[in-house]
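Two complexes follow with subunit A in common, the first pairing it with subunit B and the second with subunit C.
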Partner chain A sequence: MLQIKPILAALKRHKAGTILIALQIALTLAIVCNALFIIQQRVQRLSRPSGMNESNVLAITNRWVAVNDKDTASLTKTDVQALRQLPGVEDAMNTNSFPLRGGGWSTGVNLVPKENGKPAGQTTLYFVDEHALAVYGAQLIAGRNFTADEVIVADPKDIKSTPQVIVTKALADKLFPKGDALGKQMYLSGKDVPPSTIIGIVKQLQVPWSGIWANDFVENATLLPVQLTGSYGIYLIRAKPGQLAAVTKSAPEALLKTNRMRVISGERAIRTYEKVREDAYKNDRGMAILMGVICVILLAITAAGIVGLTSFWVGQRRKQIGVRRALGATKHDILSYFLTENLMIGIAGVVIGAGLAVGLNLWMVTQFEMARLSAVYVFAGVIALLLLGQAAVLAPAMRAAKVPPVEATRSV
Partner chain B sequence: MLKMTHLSKVYRTEVVETYALRDFNIDVKEGEFVAVTGPSGSGKTTFLTIAGLLETFTGGEYHLDGVEVSNLNDNARSKIRNEKIGFIFQAFNLIPDLNVFDNVEVPLRYRGMKAAERKQRIMDALERVGLASRAKHYPAELSGGQQQRVAIARALAGSPRLLLADEPTGNLDTQMARGVMELLEEIHREGATIVMVTHDPELAARAQRNVHIIDGQVVDLAEDPRFHHAQHTAHTGTPA
Partner chain C sequence: MFSYYLDLALRSLKRNKVLTALMVIAIALGIGACMTTFTVLHVLSGDPLPGKSARLFYPQIDPEDMDGYEPNKEPARQVTWIDGMNLLKAKRGERQALMTGGAVPVQPAQSGMDPFFSDARFTTADFFPMFETPFLFGRGWSEAEDNGKARVAVITRSLNDKLYGGNDSTGKILRMKDTAFRVIGVLDTWRPNPHFYDLNMGNYSATEDVFVPLTTARDLRFERNGSMNCWGRGGGDNEHIETATCVWLQFWVQLESADKAADYRTFLDNYSKEQKALGRFQRPSNVRLSNVMEWMDVNKVVPSDVRLQSWLALGFLLVCLVNTVGLMLAKFLRRAGELGVRRALGASKREVFVQLLVEAGVIGLAGGVGGLVLAFLGLWLVRLQPADYASLAHLDISMLLVTFMLALISSLLAGLLPAWRACQITPALQLKSQ
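Moving on, here comes the complex of A and B:
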């Protein structure tokens, strides 16, 4: 039996409690919708593939000490050879950075020489050798790999470009939307930069950064066949399956055995790729957990508020419930009265809450460059809040339904 | 209309059994106006709550409008309360959050009646108790007598076969009580069956028949020694 009109009439006489609960539902909806949206975005980023075969990869950050920069190229070459010969190592290379490392190089990229102005695209630069694709476990989908004689030695301050480059498909498509990037020339931004010919395209390689600011070029990477000189470098090592733990121990030892004039220390000096990913998304994971906890707390408080208010109303209306039962209400009628009452307060709350959710999101869009909230989240939030309300009101409503009709004859 | 045979109601605790009604027999015919009297704690209200299916009984039989009610489930009892019984309570028991119109509408809504028919019945019932002009007022805005009239309208709106009144004038002053009693008499003259529990001998005298309850049993006042004993005690003012 629909009891909307008398329920509305009764609610009008209990404005304070009704408005407070409706507002609580509204605020919860607004915050939960946006929090879930943020969680979804963070989770989406957490699960974004790096383009590498991430298992069995080890990164060692090396800093030469008291070594002339000119000599580092040959020392690095010796190191890499030593690493490749280690039992348990499948391949190894020296590089300036790698996907999700947290720091690296980026520059503009163009179809014509360009020193200033907005570039056609943005790319990260990975200085690697012909072993890079094997170490990454990246998939070459067009063209070829570098050859050993294409790898040049260069000072980081002098390097402008290389004659050959391998780019990711995302960058290739950005520069050449028709899909004919292979064999074409591109220019890294800068003064008098020689052109680079795209000799290969890899399916995917993420930039070193995981922040929102890199979203626009997250898969735009350029591999240059360069062995950089200088005191700083990273050894990226692919271990044979099941050998990562052993290599994690043996590789730093082998490097120190080769030459002790180096520093390999600090929290981030020796990291498996699993740790690299964990570090890269630490903030995202933390934010997602925080938002999740906020959602749970808010929903629990709202549910507790509904249980509390309904329990209070049931206690307050005990006599009235008895009268209704005496006048012919079944237990189901009483149960449905309280469920309907809660549903009506809930509907008022979610209508206000949906507006607040969109408003809050628009404010965050302007203030924090957040993405627009999808209507799906608002809709899902509305349904979730209404169901939560019904679940919260069920126990006190069932208590109300158990009030016997003889309660009508008892004096208060 | 209402027939109880050897009916008993026992309230049990872990240590004691209390008989509220014991071997209780009563037969109220259709169209009768019966006043039920008796001292406090005699079982009058228990009788009324069982008669109105507000409570179950422990033993015996109870036929209401030809139906044996002891084995009915809660829903069936609710349906009978809604369709066949009209209640008038001492404390009026109007719902304070609802106006007069909505209060009278409560039992009709539980019957699933259409809005137009509900409205017609409500206005007829309010007209009959002289409160049609107060339909939009809330109970707190009415006098006690007016509230009881609204309660009577609520009881009448569903056209019940049996009207049960529990001290209907107990919370009213003499003038208002007289007005309510005249209304009940008028309703009875129109053919309603009324069972009224009262303390007031003057009101009881206006009923067609009086039933006296002492210690949970219906007694014949002329023959029951407890009545004479009670009278004696009342006259001398000293216990036996």
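Moving on, here comes the complex of A and C:
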């Protein structure tokens, strides 16, 4: 490190180039840190478990046409029975929604009857029957499942609550932080809503939404033993292992054979759960990939810039290098001169860049739904860029080290 | 002189192909990324009704009870049936329309075609003239048909193609929910972006296929879609939705001038006060009146990811430019000897400066062409995405020009510093060392 002084003297003669490399490193660091942070946030979100056993699940959206709303209950029942008897089907049910579907019900939930105002918690409602746990593949950690005679048929506009509910652990803990939710009563928001007793707790079950706005209650779900009437419903089917492809084909056919007064069409009408998950997180995945590509290209461009400018400097200083070699400097001395020079510019760049990265993040927090950047990313970015700089400078520096001492005697 | 500079520039660029390629690629990547994201942003923040949008207004009034009241909080984003009908009947604007989204089961007459659901819009007569919808055949309905709950429908060109093979279907019968409707109009292709008149349906969703009078839709209890906010007694079920304390309708009004808009705001204020005096409203009057573009801002229509991507691309371009400045600096200074000779032979500083800027400009143009190719590629990738705005991402003429201007200006800017530095060279010093 004895060379710092001469390096500084040399850099003073190349102010513009030095500033440009430092600036480029700073800007790259600022962008790469934030991009990596965004990638991490998105990846974290899209790898969040839904609480379902996601393999072998098929969702079919069914709409009755020209059928009186009251008659849909018996038709739905026939459908579900037909589906359960289908070869390759392990279990099936009719529901209003399921995790990551993209649309569903949400309401406030309280410990006392409450019509308006801020509820104690927010929950999604899944209207299901006693097959729900098996079809979802949700894990019951306390209490019991619904029984067949607890399941009622109701019109969506009349249903306010049911005497029994199963809730997720997240919701149970939110309402009863002591962990004694089982057997307790809760109230769904609304006027004159009767209480519901928590008869079971499942480990995990996500809400139908994947957006950031649902983050506050992402695992707060309530299962109600209700079969809704109305023209719109979803059949959620669990196929036997290896039978999903066959069931995807046979189930809609079986439904149409049972009754033709229905519409099962549109790109989202028949989806395997794999597709459901893909649809739910398509934007997050796209953003993460884009950020990744941008990072790689940025780093490549910055590296190329360093190579270009250092090569120029090496070319410019051939004579001086020759003189130094002639005066006794080893190849290693020359190599380490350029590496040190780059390191110094790099350090200046990353110091500015770290400030820029934090500033950029603070600005993004105000503009976009974004969390505060953790220092780990800045630190990782700093290390990455310093290493990148050293790697980029290596080739030109080695060329410099190869300059023979005799260069000192040449006139050009 | 210019062609001579151009010749010099090309020679110089050919001499160091790797460096030239690096600069061109850097600019092309920066420009390509910027143009892709800017085009998406441009398309998404576009004016859905150019020339008209400044005269269309979306009124907001505050009909809720005192529960959760905060002074000057944004009022409800939709209106109740009672308020919507009152504002509609008041006819204080040039035109006005009340509407909601919905879905209708269409039962085709053809035996081979299964029934299907179509997205629908339940609205009032002024919808068509107010939004200047193009008609392929027929017309919209009149106020009399609104009042008479007429069984009439306007359909879009795509539904007309599907059901009637593209022929003039006016006068034909269309069965929906077991009811016969008479087709009175067919809309030509019309897709305002964003879907400004009702943002509950997805900000960039396609136009609904079926239009039916709102009164008719209510009479037949057609299924409505969209958001509904209730308070107090609520009760937003499909039977009693007219009297429920719920907002679920969109109301648009056309006002020809700023004065009329101010008058309308006063009218809304008076209406709120009057309703409060009557006991229907409880909150103090709190009214808003936004035109189309203001309403898009209020609703933050442009996805934040798209804005984020645009900023990211801009940062990316900045890094690419800094990179190019550095490389150009290296390149120009390396030619100090050559430039020294030119200066000694009589070229002025200015001429050397211009010569170097021409070289920078050539790189910029090449980068611009590369950027354009990348932008086309980028937009093609965007169109492959499943987002509802994906199909809209196309480069138009204005964005094409912007691309080249951006490429040229940024590369000239990038060339300024290196060129200025290079023409500071003292010719004598250079000649001496030769």
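The rule is simple: the second predicted complex is superposed on the first by the 411 of 412 C-alpha atoms of A that agree within 3 Å, B and C clash if a C-alpha of one lies under 4 Å from a C-alpha of the other, contacts with A are read in each partner's own complex, and residues count from 1 in each chain.
Please note the rule applied: a contact is a pair of C-beta atoms (placed from the backbone, for glycine too) under 8 Å apart; a residue touches a chain by one contact, two chains touch by 3 or more.
Quantities reported herein were computed from a predicted structural model and do not represent experimental measurements.
Bringing the complexes onto one copy of subunit A puts subunit B beside subunit C with no clash.
By the touch criterion defined above, A:L309 reaches subunit C but does not reach subunit B. Remark: in the superposition on chain A the angle formed at subunit A by the CA centres of subunit B and subunit C amounts to 90 degrees, rounded in steps of 10. By the touch criterion defined above, A:V382 reaches neither subunit B nor subunit C. Looking at the shared chain after the overlay, A:A10 reaches subunit B, while subunit C stays out of its contact range. Applying the stated contact rule after C-alpha superposition, one finds that A:V218 touches neither subunit B nor subunit C.
Of the two partner chains, subunit B is the only one that A:D333 touches; subunit C does not reach it. By the touch criterion defined above, A:L175 reaches neither subunit B nor subunit C.
Considering which of subunit B and subunit C touches more of subunit A, the answer is C. When both complexes are overlaid on chain A, the residue A:R324 reaches subunit B alone and has no touch with subunit C.
Superposed on chain A, the gap between subunit B and subunit C at their nearest CA atoms measures out to 9 angstrom in whole units. Applying the stated touch rule to the two superposed structures, the subunit B and subunit C interfaces on subunit A have no residue in common. In the complex of the two chains, the subunit A residues touching subunit B come out as 1, 3, 5-6, 9-10, 13-14, 319-320, 323-333, 404-406, 408-409, 411. Subunit A contributes residues 16-17, 20-21, 23-24, 27-28, 30-31, 35, 38, 63, 65-66, 116-117, 157-158, 190-191, 231, 260-261, 263, 265, 279, 282-283, 286-287, 290-291, 294, 297-298, 301-302, 304-305, 308-309, 311-313, 315-316, 364, 367-369, 412 to its touches with subunit C in the complex.
On the subunit C side of its complex with subunit A, the touching residues are 19, 22, 26, 29, 33, 67-68, 105, 107, 114-117, 177-178, 223, 231-234, 237-239, 304-305, 307-309, 312, 315-316, 318-320, 322-323, 325-327, 329-331, 333-334, 385-387, 417, 421, 433-434.
Looking at the complex, you find that subunit B touches subunit A at residues 45, 48-49, 52-55, 74-75, 78-79, 81-83, 87, 89, 91, 93, 95-99, 102, 105-107, 109-112, 154, 158, 166.
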